[in-house]
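Across the two complexes that follow, subunit A remains constant while its partner is subunit B and subsequently subunit C.
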Partner chain A sequence: MSRKQLDTSLLGLAALIAFGLPLVVTSPTYLQILILLFFYAYLTTSWNLVGGFAGVLPLGHSVFVGIGAYTSTILTLQYGVSPWIGMLVGGLLAALVGVIIGLPTFRLRGAYFCLCTIAFAEGIRVMVENIDSLGPLKINGPRGLLIPLKEPSFWHYQFMSKLPYYYIILTLLILVLALTWFISRSKIGYYLAAGGEEPEAATALGVNVANCKLLAMALSCFFTALAGTFYAQLMLYFYPKGLMGLDLSFEIAFIALIGGRGTIAGPVIGALVLRPLNEFTRIYLSDMLPGLHLVIFGLILILVMLYKPQGLTAPLAAAYDKLARKITRAPNAKGAAA
Partner chain B sequence: MKSHDKGSLLTCCLAAALGLVLAASPVLAADKAVKIGNVEPLSGPSASVGVQGKQAREMAVEEINAAGGIKSLGGAKLELVYADSKSDPTVGVTETERLINTEKVNLMTGCWNSAVTYPATQVAERYGIPFVVPVAVRDTITERGFKNVFRVAAKDSWWVRDQFRFLKDMQEETGTKLKTIAFVFENGDWGTGFAEKWRELAKKDGYEVVLDEPYPSTATDLTPVVTKLKSANPDIVMLVSNAADAILLTNTMAEMQVKPKVVLASGGGHADPKFLENTGDTAYGIFDEVEWNTDVNKPGAKETNAKFKKKYGYDLTGESVDAYASMYVIADALERAASTDPAKVREALASTKLSTGPAMIVSYDGVEFDKDGQNKNAGIVIVQVAKIDGKPQRVTVWPKSARRAGYTPVFPANK
Partner chain C sequence: MTAVIQATLNGIMMGSMYGLTALGLTLIFGVMKVINFAHGSLLMVGMFSAYWLIKLTGIHPYLALLIVPPVLYVFGYYLQDVVIKPVFKAERQTREPATVIIVTTGVWYVLDNLSLMLFGAEYRTVRTAISNKSMALGPYILSIPKFSGFVIAVLATIGLALFMRKTKIGMALRATALDREAANLMGIDQYKVYNIAFGLGTAIAGIAGCVLIPFYYVYPSVGVVFDIRAFIIVVLGGLGSIPGALLGGLVIGLIESVFSQFMASTWTEAIIYAIFLIILFVKPSGFFGNKQDW
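Take a look at the complex of A and B:
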């Protein structure tokens, strides 16, 4: 039994659990919590492509969620295009916008880049809130868009049960995790890591840091926008403040920072920790103190940053490594014989 | 590998068991209570109105249960289940789903905020659960062809409709003829929406619009607006204002001696208690539009308000009266449905014809839903600020059936 075998079988088991969970969890309410958990894990993984690997901290990703949701919804409502197609259009549009923002801002360092992304996202949100229609496109200002009920079907991206939503977001999550894994092991991944840590040194070695970052940004924005469409179809309603606000952008960054920026499992671990916390404090503590969950978020973030600044993934990975080494070493002979 | 595999299997089983417990636990109480889910803003910016609605509902439900519950269901009691929307549509949607799926409520009510009610009612429609909306004024809530949504209070466009009805009725009653009209409104979603409908109705009723003036409600000086108003010299001034600008406008108008024959406001800032505190004598004669006023001339209104005030320490408001009445609308429907089956309750609600009983402390004459679920009879009252016993008071003047006994409206106000 080699380490690789162990890794693969555990990964397979995790996937099996994820796919089999709805057999056990049948309540739509808890299914919804799981869906949102995967949704945030997916969003953060998408964010991680640029926020984790490219060494910058974008704090305005909600704007791409918004682009995705608005694009697919407007196409559906006004032109009868299936949200599945709208989702891809929204993704491409978001990638384009991401590149346009990235071109001037990637030259900025540290907090300046961060502030730029916040300013940009807020600017777009305020614009959307104040625009009723953009040419022929009805945006509906601060009131947001409601997707009317349709015959539940795959093509309409509407289902009576929560189950299809669960499997769609799970599939998307696995897809983007696989992409992250692939990138982190590719030349681009190494370029990104080098450019993020020592841009001068990387450039001196002939790495085109700017292009690599732009590529990461485009991919990140594309996948983030897909989540926007998913969210719109799940809730059948969204409005600028909820979907494009800073709250969402910050929550993504929270999850990434707590889970571990720039690691593959970080976003998933972060979401596993923070999402249930968010849901249960809302359901059970909302009578006591509004905004309590944000205080708890803040506390956890401070604790993690103080004691495990790399996020929770690093110590967990170390513990797993130790355990795996024990397992693979001891019954090694037996494993090889079998 | 083997030992580790076992461990994982155990974890998996544990997780599964936990999931089962979580999923199954809330489905226990299925006795004779009828569960009514309430999504209300219990925290956040609109928490105070949410709490008012909650208390009004609780008082109504206590009364209904004390009177023997739903008799056709063997005396079943009404049980209110609350969820906090935080005035956030997304939370409202999630909580509506939770109430329907996990708490297994038989009916839904709420959500005060139009922005929350709009998507939450769609969730209920999808699950086929009747949703009684006491207040949430956005027109489109009952304009989507839904089968399960019923609104007791008036909708947005009816506020404007009733303003013009009031003007017409009062001119007939007093034999006055008013010709020119001015629109002054805050430039947000609310004010511009009202102004749009004003223009339509003013044209229809043959008024000449002499001023159409939006202003930012954060303005600290409204002298330019009032100057324009002075030179336009209209018979009627229609206003939509938030609290601070309502006070500023009224005081500036008094300073500059602008005295139109009728000043008609649209609730909001003018209905805020701060308005009367800060305007002093300058507010006398102003007409304002509200859903309900403590002095409405309706049987039981005074007693119910007194009971409520004793219990919670403040007067009923328009919103809380609608919430209170909605509980009686629900009880009436359940009584006739003699079932908690959502489809049957829905049918009973659709054929509601309520014109007597404790619910009728509302300012209008009954509850009867049109095919879209909008209460056909819902309406608004117009009050006038008058000096009663040396103090400014809001006196109900319109509709005539609800007018405070013994009060003659001053119309036109500034002769």
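Take a look at the complex of A and C:
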């Protein structure tokens, strides 16, 4: 078996498992945990487009989740537009907002960009919490928006069981992973990597670093907003503090850094590690002692950064590479898992 | 008009507290080029230390100033030495390593939730000798603990600025802040300087804790309130600038206090963010920032 065949068949196996998992996992509770796992993997993969490849550290991505959720929900509630269309509108709006933030901030050093994204996200959240209605649009302040139950149908983005949600988020995840793979292999990907590490050198070589970063930001914000609509339709209720708070923004960054920022598989691996950890420690430990599960979470975060500052993907990819070489006996094959 | 002047006075005094918090943050950033997301938690540690010291021994809150900041200096020194330094060493090549930011966030989670586990979520206040004292200044009222807090914040800022200019350690800190490779070549141990900077920043959080306790309540996530404001203040004043931190704090305190005379106080928060973003877009170096930092 050649290395390429091995990679493809393993990838196919992973896809098969992902698509077949609901046949085994029938409990709605566990299915919900899986859906949220993919939701976070998707969010982090979207974040990774700018946070990983463009070499900046955005810590306010929850605002784009918020833009997605509010746009589609307001359009549905007040104008009867299908959430699917609202999802695209929200995505485009988020991309526009992302470009507007990126224009002045990408020329600043990392710390300034980081603080700027936090301030922007928090500022928008505080504003949403203060506004009951904006012209004809009902925003409902801190109480958030409730989506009434409708007849379950694809067009209404509401379903009887959790299963369709599972496949929607899985499809979205595969889509954005494919896009990441495509970008990492394209000219833009190389430009971004160069601009992230050595902006001055890349600019001197004629790379338009700023434009590449803006493109990455727009794509990242667009896909992040799609997740907002998904979340709104899954939960049928959301409020600013829960949806647009800093907690979500930080969790996305944690998943990315623990998994491996700037790698394709990193966000998925990070979500596979952190989400179950988060869910189960919360379920089993938070009754014992409030705060204990977050202490453990923080400690794991510190330990991974101490021992694997590049995240978990790099050592995993190396181990896979070693194993694959044994199987295929092709010593110079390059790892595709990373 | 009286109300506005009174609000101005209150704003200046509360702003000096924000400035004191931002002072430690800006020192750590200036030297290490890393945003310390655990800074609010360090303030929380300072506040709880002062709280328990005063509660258990009943000493005057300003005597705690002699005890809490040195203890927090040691705490910060070893926190940086044990937890943060190894990550720095692993990412030597990066100018602003994101992993270090994430590690400070981990420290934040651990400290906040440890104190939640130990002390519970309730808001605590301690009655001190000066807690409810105030003095009249014409038609205006000055709360004694807040006013002395203001004085201490100004003194701490001047003290830190002098320390940075006049002492050898201060000069080593400034040299590392300017160019860590060059400082290394001059025989300055970069990581020891980081330990000292982090220790000093934590000690300042300890000063802020002692000063806040007589009139403010403490709870495990109290740091978050000050954290976000401190981030805004350090950019407003110029990341790494010592006088900028105090001035930025005063500005934020003033805006908060004066604007809340005219609108709902929740809106003032949105206005602070808006002003912050405008400053970032128009003059990212803030009042006294270093051009090479942005």
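One rule holds for everything that comes next: the second predicted complex is superposed on the first by the 328 of 338 C-alpha atoms of A that agree within 3 Å, B and C clash if a C-alpha of one lies under 4 Å from a C-alpha of the other, contacts with A are read in each partner's own complex, and residues count from 1 in each chain.
By definition in this document, a contact is a pair of C-beta atoms (placed from the backbone, for glycine too) under 8 Å apart; a residue touches a chain by one contact, two chains touch by 3 or more.
Keep in mind that this is a model prediction, so the values were computed, not measured.
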Fit-or-clash call for subunit B and subunit C when the two complexes are aligned on subunit A: fit
Which superposed partner A:Pro309 touches (first subunit B, second subunit C, both, neither): second
Partner chain in contact with A:Leu175 - subunit B first, subunit C second, else both or neither: neither
First (subunit B), second (subunit C), both or neither touched by A:Val126: second
Which of subunit B and subunit C A:Leu163 touches, first, second, both or neither: neither
First, second, both or neither for A:Leu272, with subunit B first and subunit C second: neither
Contacts of A:Val24 with subunit B and subunit C, given as first, second, both or neither: first
First, second, both or neither for A:Leu236, with subunit B first and subunit C second: first
Geometry of the superposed three-chain model: angle at subunit A (Cα centres of subunit B and subunit C, steps of 10 degrees): 70
First, second, both or neither for A:Gly144, with subunit B first and subunit C second: first
Subunit B versus subunit C - smallest C-alpha distance in the overlay, whole Å: 6
Interface residues of subunit A shared between complexes with subunit B and subunit C: 290-291
Touching residues (chain side subunit B, partner subunit A) in the complex: 1-5, 8, 12, 15-16, 19-20, 22-24, 42-44, 47, 84, 86, 88-91, 93-94, 97-98, 101-102, 115, 118-119, 122, 125-126, 144, 189
Subunit B-touching residues of subunit A, taken from the complex the two chains share: 1, 5-6, 9-10, 13, 17, 21, 24-30, 32, 141-144, 146, 148-149, 160, 235-239, 242, 282-283, 286-287, 290-291, 323, 327-328, 331, 335
Complex interface listing, subunit C residues touching subunit A: 29, 33-35, 83, 86-87, 90-91, 95-99, 101-103, 105-110, 112-114, 116-117, 121, 220, 228, 231-232, 235, 239, 264, 266-267, 269-270, 273-274, 276-277, 280-281, 284, 293-294
Of all residues in subunit A, those that touch subunit C in their complex: 57, 104-105, 108-112, 114-116, 118-120, 122-123, 126-127, 129-130, 250, 253-254, 257, 261, 289-292, 294-295, 297-299, 301-302, 305-306, 309
